[in-house]
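In the two complexes that follow, chain A is the common piece, with chain B as its partner first and chain C second.
Presenting the complex of A and B:
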């Protein structure tokens, strides 16, 4: 195995592989920063370029681009409050407030360093799981996936910014919105009101862009102070502070990486779901949960680490079984077949070197992304010193193109506008937006896996060992949250009595 | 009377911490309750396998929003003691955003709706390039008080960046509008 690892490294650092990796990294940066063109679409666009290439240089281009687009997506979230990728949505919650406080450099430094550690963690997990991939994957079935999705929903409490009841209503609305379209079981049209566009459901991209970016655009449009203030360069001296912050919170970084990597293995649960779950976990276990949403560096670290750690996890089922865990992996699976590789036992035996070289490609592209990222932080962050109203045309272009790119249809722009209005109204009247997004993302997964579980096992699946483990975690989470809320209320009462007020 | 409160429910009249029904919460929850009930009723007309999940979700949503409506109407929280002299930097980001939108005048809202509405109508008719150029020049000149030259250069650069990045490098289709100008 050790020989294979070093031999794979040799394959990954040949001049042609490194050249392809660098091209992939640059494209990934562009794709990540600009809204709209997701990693999956770009993978599809790049596949024809790899015809005739050897597998390792081809994957250096594809995987290098894919890993880096996720890292760069966090940049737009921090600098403009608009996620460059749907997987960077949770980064907006604390990265952008830090930028508003003049700590863009610190946020970017923390994001880059935690992303780097997350990617390496995911790659190591992939390498470690190679010998046990088969039994591991055989133990995961629809009931475990359903239970994992329910576990994701339990984070509503920590993502509801003060009102769990409102968060619950919004999350349920999100799940209901995820049901719009053609029903996967019988083909029945549900809540589409005759619209052909809605038959495919409501895309996550226009929702993320409208819900999180809309309020920001309106604030820039109506910012009377920003209208007259002179442009001030953002404080970028904090880049190293952000890096230090990441390593100061090393335990959180590892936990968030583990969440990203493990959820990345499960079909459908990667991407924004794992980022929100890691964010919720970071908030739940933080000593200062009240800082979350206001520029908590722990929020940035948890989101950043998950963004890249999921990639290693995603590759596990793709390589071991040819079962893609998401749209991007489905495209990558196509690349495997085009390059003459059959995912499955072959990849763990005959083509073990190629599999291990994928691990090295993730590590190398992350290192390249970190270097490029540090070089680009200053010019990119200067954009944030542009006064509010001057940025409006640029932000509106990003919103529009981001939403349109979902299916290249203006209907997605109108959907984005609806969610822009919902986002602004939620902010104006203190209704949490994130549970709506979490419900929308998890809704389809919940229905799909519940239906399969019920069809296969009726309700006997509740007693499966894997499901029981997740049920215990869910119960622990609920108990932990309840105790925490009770202690907080008690402390608030005590504080009021000390001040002479009535409880 | 503020838009955020509707009437006192109970408590000490004239006291500083009377309970008041939160009007926006009342309206939003009522709307959501209607949506959940309507979704539930629609789902009753579908076959079992297509309906069981929507029925469960809309039913749960209706219960959650109805119970919140009861809470809003009959058990509104006591208002917090007025926070005076709290520096802007000490307020949470959500609080700052809330106050930002709360302090907007009707004129501000109408103005932003008109600008955004104008852009998206132009987008639907003329496509991204014309809409973006017209919006950029008009907005920067009349709303941001920039010079004609600045606005024109900004529009050209933005159009160039969009064309170069999305059309040439990324080969991404852009909205052409009814007239197909993209």
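Presenting the complex of A and C:
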């Protein structure tokens, strides 16, 4: 195995592989920063280029591009408050407020360094799992995915800034919205009102763009003069501060990476869930949870690390059984087949070197992205010195294209506008938006995998080993939260007593 | 007042961004020479009704540059996923028949939905202008390597996996149940056909039918074993010696089995909106034939794991007419496969 690791490195650093890697990194940066051009579409466009190439240079181009697009996607979230990709939604929550405070450099630095650590963490996990990934995947089916979605639900409380009740209402609304579309089991239409577009349900891309990005843009349009951020000059010296911040919170960075990578292994869960779990976890364990949503650097670090860590995890089911998690991995799987590689035992035996070279490609492209990103942060952060208002036309075009590109359909622009309105109203009346988003994503998973689990196993699935592990985690989480609340109450009581107030 | 102006400006930008996404053109009846001249240096859109990255997308992107060379035009691929392909097909059918809009269809899905007159279908499949067939492959029914099922004789009482009603894999399950006189349960709700396949490998469910190209990796990895071929066997080594549906059905079911074989073998089709003028249709069909009979293209396609299979536009038109004129028994069967 050790020999194979080094010879895979040798393959990954041949001149042609490195050249492809660099091209991939540059394309990945552009794709990540521009909303509307998603990683999956770009991968599909790049595949014909790899015809006739050897596997390692081909993956240097494809995987290099893909990994870097996730890192760069966070940049758009921080700079404009519009997620470059749906998996960069959690980054908006604290990255954009930091930018508004004039700390764009710091947020970008922290996101870049935590993304890099996350990506490398995911790659190492992928390598560590090589001997056991096939037996591991044999134990992951619908029940495990259902249990993981229930785990996701338990984070609603911590993601509801302010009132938990409001959070629950919003999450329920999200679950109800997830019912729109063709019933996954019976094939009947639900709440589609004759619109074929709604057959596929309400897409996450237009919702994220409208609910988070659109609402911010409208806010800055409605801002009274003088409220725009002209006054605050961007603080560029903060890049290194951000990098230092992320290493100061190294333990959080590792935990967030682990959440992203481990949940990434579950096909069908998707990256949009794990980012909120990592973010919620960061908030729960933070000493200053009240700062979350107003520019907590820990929020940036957790979202950055988890978004990139998932890629290493995503590759596990793809390599082990050819089951891709999500659109991008499906395209990458296509590339495997075109290059004559069969996912399965072959990738772990005969073609082990190719699998190991994927690990190196993730590491190398991350390093290249960090260098390139460091050079680009300064010019990018200068963009934030442009007044909010003059950016508005540009941002509206970005929102429209971002929503439209989901399925090249005007209907998605209408959906984006509806959620923009919901976003503005919830900000105005202080209703949390994230539970709505989480409910929408989890609702579909919960329904689908509950029915599949039941049809496959009736209720005996509750005792499956993977499910028990997740059940224990959920119980631990509830216990942990209960203890924390109890301690807080006692502390508050104590404070009141020492202040001489009535108990 | 300023707010109002800002709002107007915003609307104008949204509008401007959107109108950039559509274009208009004119068309009139013309001779092949005139038609060819009219398509020169134009942009032709090849609509793919599925997400980027899948098999349909791969075939479209393979074909687009070559077809463009033959026509002296630029052929671009546009992905318009939704409603299992019906969304994009509806749009193309009601688009301008000027030869500048083509669509890559999933034959079995397209014709199946049309036969079943499923909700949302707003076209008559017979009226479309077919350019030709780009690929055709049979479906293969598989089970896990460790399963006790050895042949089609053992599958009664076992469970099928499928994504959902109306999918190709669900239609196969319903057709097999009827043709082999079985009452097998179909477990639906899997998010993707790959996920359904993993559950077969895990032994959670027994049977799964989908296209040969999708089954090949699992068979080659030794995780899956082929049980039955549905459709014309194209001679791939993975399914050598495996029974065909036509061989295992009783004589009274032969007619329906033959129709179903036709439906599955309709494969991937290229079509244009109905009412295209004959000259333009001829030009595009000829260009398509040239690409599909070019040895270098055929070889490159096979090498990339996407083998092509050519049938002319006329042949496809005949096949569509045959399938659309199916006896009521088959129509009822397919309708059942769509209603779940």
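Just so we're on the same page, the second predicted complex is superposed on the first by the 472 of 503 C-alpha atoms of A that agree within 3 Å, B and C clash if a C-alpha of one lies under 4 Å from a C-alpha of the other, contacts with A are read in each partner's own complex, and residues count from 1 in each chain.
Just so we're on the same page, contacts are C-beta pairs under 8 Å (C-beta built on N, C-alpha and C of every residue); 3 or more make two chains touch, one makes a residue touch a chain.
As the structure is a computational prediction, the values presented were derived from the model and not from experiment.
Student: Applying the document's definition of touch, where does A:424 land relative to chain B and chain C: first, second, both, or neither?
Tutor: A:424 sits against chain B, while chain C stays out of touch.
Student: Tell me which partner A:451 touches in the superposition: chain B (first), chain C (second), both or neither.
Tutor: After superposition on chain A, A:451 lies in contact with both partners, chain B and chain C.
Student: A:185 in the overlay: touching chain B, chain C, both, or neither? Say first, second, both or neither.
Tutor: So A:185 meets both chain B and chain C here.
Student: After the superposition on A, what does A:392 contact: first (chain B), second (chain C), both or neither?
Tutor: both
Student: State whether A:73 touches chain B only (first), chain C only (second), both chains, or neither.
Tutor: neither
Student: Under the stated touch criterion, which partner chain does A:200 make contact with: chain B (first), chain C (second), both, or neither?
Tutor: It touches chain C, and chain B stays clear.
Student: Based on the superposed arrangement, let me know which partner A:404 touches: chain B (first), chain C (second), both, or neither?
Tutor: both
Student: With both complexes superposed on chain A, which partner does A:413 reach: first (chain B), second (chain C), both or neither?
Tutor: both
Student: Examine A:173 and indicate which partner it touches, taking first as chain B and second as chain C; both and neither are also allowed.
Tutor: Only chain B; A:173 stays clear of chain C.
Student: Need the overlap of the two footprints on chain A, from chain B and from chain C, as residue ranges.
Tutor: Looking at chain A, the two contact sets intersect at 45, 185-186, 188, 221-222, 392-393, 396-397, 400-401, 404, 408, 410, 413, 451.
Student: For the complex, give me every residue of chain A touching chain B.
Tutor: 30-31, 34, 36-37, 42, 45, 97, 100-101, 161, 165-166, 168-169, 172-173, 175-176, 179, 183, 185-186, 188, 190-191, 215, 218-219, 221-222, 227, 290, 293-295, 387, 389-390, 392-394, 396-397, 400-401, 404-405, 408, 410, 413, 417, 424-425, 427-431, 443, 446-447, 450-451, 501
Student: Can you name the residues of chain C that touch chain A in the complex?
Tutor: Interface residues on chain C, with respect to chain A: 3, 6-7, 9-10, 13-14, 17-18, 21, 51-55, 57-58, 61-62, 78-84, 86-87, 90, 119-120, 163-166, 187-192, 194-195, 197-199, 201-202, 204-205, 217-218, 220-223, 300, 304-306, 338-340.
Student: What residues of chain A sit close enough to touch chain C in their complex?
Tutor: Interface residues on chain A, with respect to chain C: 40-41, 43-45, 47-48, 51, 137-138, 141-142, 182, 184-189, 196-197, 199-200, 221-222, 267-268, 317, 321-324, 327-328, 330-331, 333-334, 337-338, 340, 342-346, 392-393, 396-397, 400-401, 404, 407-410, 413, 448-449, 451-452, 455-457.
Student: Can you check the complex and tell me which residues of chain B touch chain A?
Tutor: Within the complex, chain B contacts chain A at residues 24-25, 28-29, 32, 35-36, 39, 42-43, 46-47, 49-50, 53-54, 57-58, 60-61, 64-65, 67-68, 71, 81, 89, 92-94, 97-98, 100-102, 104, 108, 111-112, 115-116, 119-120, 123-124, 128, 132, 135-136, 139-140, 143-146, 154-155, 158, 162, 165-166, 169-175, 177.
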